[in-house]
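Each of the two complexes below includes subunit A, the first together with subunit B, the second together with subunit C.
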Partner chain A sequence: MAEIQLRGLAHAYRPNPQGPQDYALKRLDHTWRSGGAYALLGPSGCGKTTLLNIISGLVMPSQGQVLFDGQDVTQLATEKRNIAQVFQFPVIYDTMTVAENLAFPLRNRGLPRAEIEARVRETAAMLDLTATLGDKARGLTADAKQKISLGRGLVRRDVNAILFDEPLTVIDPQLKWQLRTQLKQLHKRFDFTMIYVTHDQTEALSFADQVVVMYEGEVVQMGTPEELFERPAHTFVGYFIGSPGMNVLPAQVEGAVAQVGGQQLQLPRVYRDLPAGARIELGIRPEFVQAGLAEGLAARVERVSDIGRYKVAKLSLGALPLNAVLPEDMQLDGDETRIAFDPAHLHLYVDGRIVSGEGR
Partner chain B sequence: MDKPVNQKAWFLVLPVVLLVAFSAVIPLMTVVNYSVQDTFGNNEFFWAGLEWFDDLLHSDRFHEALWRQFLFSGIILLLEIPLGIAIALAMPRRGWTVPLCLVTMSLPLLIPWNAVGTIWQVFGRGDIGLLGHTLGQLGVDFNYTSDALDAWIIIVVMDVWHWTSLVVLLCYAGLRSIPDAFYQAARIDGAGRWAVFRYIQLPKMHRVLLIAVLLRFMDSFMIYTEPFVVTGGGPGNSTTFLSIDLVKMAIGQFDLGPAAAMSLVYFLIILLLSWIFYTVMTNAGRDRKARAHAAESIP
Partner chain C sequence: MALTLDNCSRIVDGEVRLQDISLTLEAASLNVLLGPTLAGKTSLMRLMAGLDRPTEGRLLWNGKDVTGLRVQDRNVAMVYQSFINYPTMTVWQNIASPLKVAGLPRAEVKRRVEEAAKLLKLEPLLKRTPLQLSGGQQQRTAIARALVKGADLVLLDEPLANLDYKLREELREELPKIFAAAGSIFVYATAEPAEALLLGGKTATLSEGRVTQFGPTVEVYRQPNTLLTAQTFSDPPLNALPLEKRGDTLLAGEGLSWPATGPLAALADGRYILGIRPNHLYLKRPGGEALALAAKVAITEITGSESFLHLDFAGQRWVALAHGVHDLAVGSTAEVYLDPARCFVFDAGGALVAAPAR
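Coming up: the complex of A and B.
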């Protein structure tokens, strides 16, 4: 397993990119620690697959370098990089048996027969495929096929990293859970470097130690699942992670006072010299909005939905829509309520990016 | 649960029954009727039993035409299928050249068959034809009107020119259905060009190839217009295929009984061979599945 370093990496699919809008992947410096489990999270078209394909060598970046353990591999062909990649739709060789599928990458590399057999058996045991080794691969279920795709990577001892491109898209929900657990166990046992692309936040948060959130070709935040939840560095992260997502409220801020939805709010920190004309927004997660108070900001109650362990109240603060998470047993009486924001979790964003204020 | 029974529903299929009767069943039965009778003109017919069939199956003329027909179909299949696959593989997968290639490929398919025959008939002539004349200038004695081998060459080349496109288009459609991920996975697995063809492209083309082989076999086995225009079945009988022979017999000699018997035998041969091709090629796939299934059930 290797450490993967990206240096000044950028990619445009067009030959002569004019501006940032032409880049599928904007300039990026990043290090993937050896043995780390990373998730690349973002909506469709945000550049995650491009980034993955650059690492595996399927796409040649327009700028920058890719280094494996300090060695520049940017110009190296895919098959020489020793990368395993699992795709969204299971790729299996239809006419081969499961065993032949697993042996395929080794046969192409000209390994001795006895060694191939030993490794195939070992890999099949790791993935619970031993019983189906002699079967034709095409008759198998989607999850078994996806395991074979993974197995073709695991069977090679020299793999630098395993890349997953939304591998569970076509898998049944209950099997998804099983397969993900199995992946995590394999990761613990063998210490692979894993990069896992997904647009499903649950998948990303449960799989990875470090989650990298991408938006419009840029990495907007990288951190542990807790960091992403507690302190989203970008309004997109706040909105994309969490259910319901973070409330983003346009506001005017003057020092420690904010005007939001026609009301005044004292901020926990002081913000000076905010750029004029910039988009200023307050971010607060629904979990940190308290409702049904005796005093605070006045809000109207639009609708309360019960989602099991908690309730989500749709409120409006002036003209601004706002979600609040309420405890399961709480009732909101009447159309009007008073709300407050937890000061430790209230963030200020300038043009989408978080700004730290000064303590008061 | 009882199914509702309503005999009036038969009326709904009546239009189709009538249409099929007039377009297929009645003409076919007329042929069957001719095949067991003899006539000396004046629309008077006599019962002949299976005499015509007996004659036909023991006639050298029929055997030779049948053998020529098999040889022709075999040759063009051996040429057109691999060539079609090769061209489809070489065609671009994206970009503005794709429609260009597709249109160019379709052109031969759009030309009327007798025009194709005329084009090649002129093209191959030694006096005014570009091909024939050029070959003559190069010192090659090429004359399809007097040399049987030359006649075969021009007819085979003409058929390859005319119909390889069909195989190409079918194979190309099959290739296009392969997601990029397969090629990417193959690169990651270190597969070479041959392995990609053998394990990804060929299996994905399996179905369209079945259709291509069937269509090309049936069409080539019934070929009439083009060789009739180019060689008229000659020199001698060297390019007289079954259909040409049949027309000679039915319309040239007006031997209705023998011609009808030959039509039926011809029809049965095509039906039988198409069925064999189809069964063999679909079973090649199903067998594998069945074997996999059998292996699964063993604990």
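Coming up: the complex of A and C.
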């Protein structure tokens, strides 16, 4: 498995790009370690698939280089890059057996029969496909087919990386669990470099060591799931990760005092010299909003939804809508409540980007 | 208007697609069909729409038998998982198409299209064609077209499955309001328990062509009549622990035993299955009456705010969902706890004996 380096990489689909708006992928420099599990997460149109296609060689970047273990592969065709790819829909031969499907990439390379058989057996064992090796692929379920697609990549030992493009889209929720945990186990055991594209935060966060959040052609944050949750670097990360996403509240801030929703709030940190005319917002995740208190900011209770494991209270702080996550047993009585924000998780954003401030 | 299915079955080439389904869908209601792929959700919708006929049983509209009535002669609209719009027509024309087919006067068409567009926030997009829309906007257009007919019955077959996560979140919040404003009978199929809970209304859980339970959504979630319903309505999957109660003791396989505490103390002697939702399998002792068990960590998934611990216990794969970040080493042994007051108790046949107190 290889370390992947993206050096000054940028891509515009149209020729002669003029400004940043013409780039599907804005300039980025990243090094992804060998054996790492990375998820590219973002909404459609954020550039994640473009980036994946550049790594796999399907798209030639307009600027910059891709290096595998220090070797420049930017000009290499996909089949020369030794990567395994798993797409949204399984790519397998329905008329072949599972074993024949797995053997196919090796037969193409003219490997000796005994070696092919040994590797097919080994790969099947890794993916729990041993019992179905003799079955025709046609009758198998979507998750089994997706495992075969993966197996066809893994059966070649020389792969530099495994790339996944929304691989669980066609899989049932209950089976998604199985497949995802199996992927993760494979990763822990064999140290594959894995890059996984998805728009689903649960998939990204539970799969990856490092999540690369993309928005409008840019990487807005790369970090562990915990970092993205605790300290979103951009309001977009706060909104996109977490369900419901982070509350983003327009505010006026002077030093350590904020005016928000017509009320005054003491901030845990001091913010000096905030740029005039900039968009100033407070970010607080619904998990860190406490409701039903005896004192605190006054909020109106619009609606409380019971969603099983917990409840979501829709509140208004003045004219600002605000979500709070409540424990499953908690009742929130009445139309009015008092709320507080956990100071350790209250962040300030200037034009969408986090600002640290100073200790008080 | 109410739609009643009276003992409906559908058998195709000797294969049971639907079996003995009796349901009444009330006027102006939202009804979720929840179950995995092949549970029969789409088959049941086709039956309700009149696209397929039951091989046994009857369909009644307000008590009137409509079993033999063709789909064209029923006032039904459908929305599918893949957005279906006419690519060459504008959003306005797409929404208006069923009304034009029905030959409504122009002024009435205009009024209804504008009303539906407003409800689905499509007003700024009416002049665009589907290719100029995002997936979410395309699906909104398809839903608007279904609503504009003023159909008695609107069937939505996993309508959000192909959308981005955040778009799903947004539409899930809006749809119940839109449905309530439209006033038809809505039937909404999903494979996701969380989606059923977010939508609310009533839920019918489906398994292998049968409706295992039908009632208010939260009630089905909290009071599943059977182990099967509880399993259908749990994501991550429900943990199940077969055990035997003998006197003051609970015995599970592999020589495990605990004192029978809390609500479990009141059970008659015999065999039971405990059902434990992943968020009720704790890493810290929740109270004095908790049962402790040691499980092997298969893998941990961390979502930032929560951790999913996949555990191997007594030959089964269990899941614990815990707040915070818990990165336990693969292969290590974790002590986890059940709170007897938080367990479902099923008898050996899978019927509910006790549910957690609320």
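Assume the second predicted complex is superposed on the first by the 356 of 360 C-alpha atoms of A that agree within 3 Å, B and C clash if a C-alpha of one lies under 4 Å from a C-alpha of the other, contacts with A are read in each partner's own complex, and residues count from 1 in each chain.
One rule holds for everything that comes next: contacts are C-beta pairs under 8 Å (C-beta built on N, C-alpha and C of every residue); 3 or more make two chains touch, one makes a residue touch a chain.
Note that the structure is a prediction, hence the values are computed from the model and not measured.
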Room on subunit A for both subunit B and subunit C (clash or fit): fit
Touched partner set for A:151, first subunit B, second subunit C, both or neither: neither
Subunit B versus subunit C as contact partner of A:283, first or second or both or neither: neither
Partner chain(s) touched by A:238 [first = subunit B, second = subunit C, both, neither]: neither
C-alpha centroid angle, subunit C to subunit B via subunit A, nearest 10°: 70
Subunit B versus subunit C as contact partner of A:199, first or second or both or neither: second
Superposition-derived comparison: subunit B or subunit C, residues of subunit A touched: C
Which superposed partner A:109 touches (first subunit B, second subunit C, both, neither): first
Touching partner for A:134 - first (subunit B), second (subunit C), both, neither: first
Per-pair minimum CA distance [subunit C against subunit B, superposed on A] in Å: 6
Complex contacts: residues of subunit A adjacent to subunit B: 53, 56, 58, 77-79, 83-85, 87-89, 91, 93-97, 104-105, 108-109, 132, 134-136, 138-139, 149, 152-153
Interfacial residue positions of subunit A with respect to subunit C in the complex: 43-44, 172-174, 177, 180-181, 184-185, 188, 199-202, 205-207, 224-226, 228-230, 239-245, 285, 287, 305-309, 328
Subunit B residues touching subunit A - in the complex, by the definition given at the top: 179, 181-182, 184-185, 187-192, 195, 199-200, 203-204, 288-289, 291-293, 295-296
Subunit C - residues contacting subunit A, complex: 36-37, 134-135, 164-167, 169, 191-194, 197-198, 200, 218, 221, 235-237, 277, 279, 298-299, 301-305, 308, 310, 319, 321, 325, 330
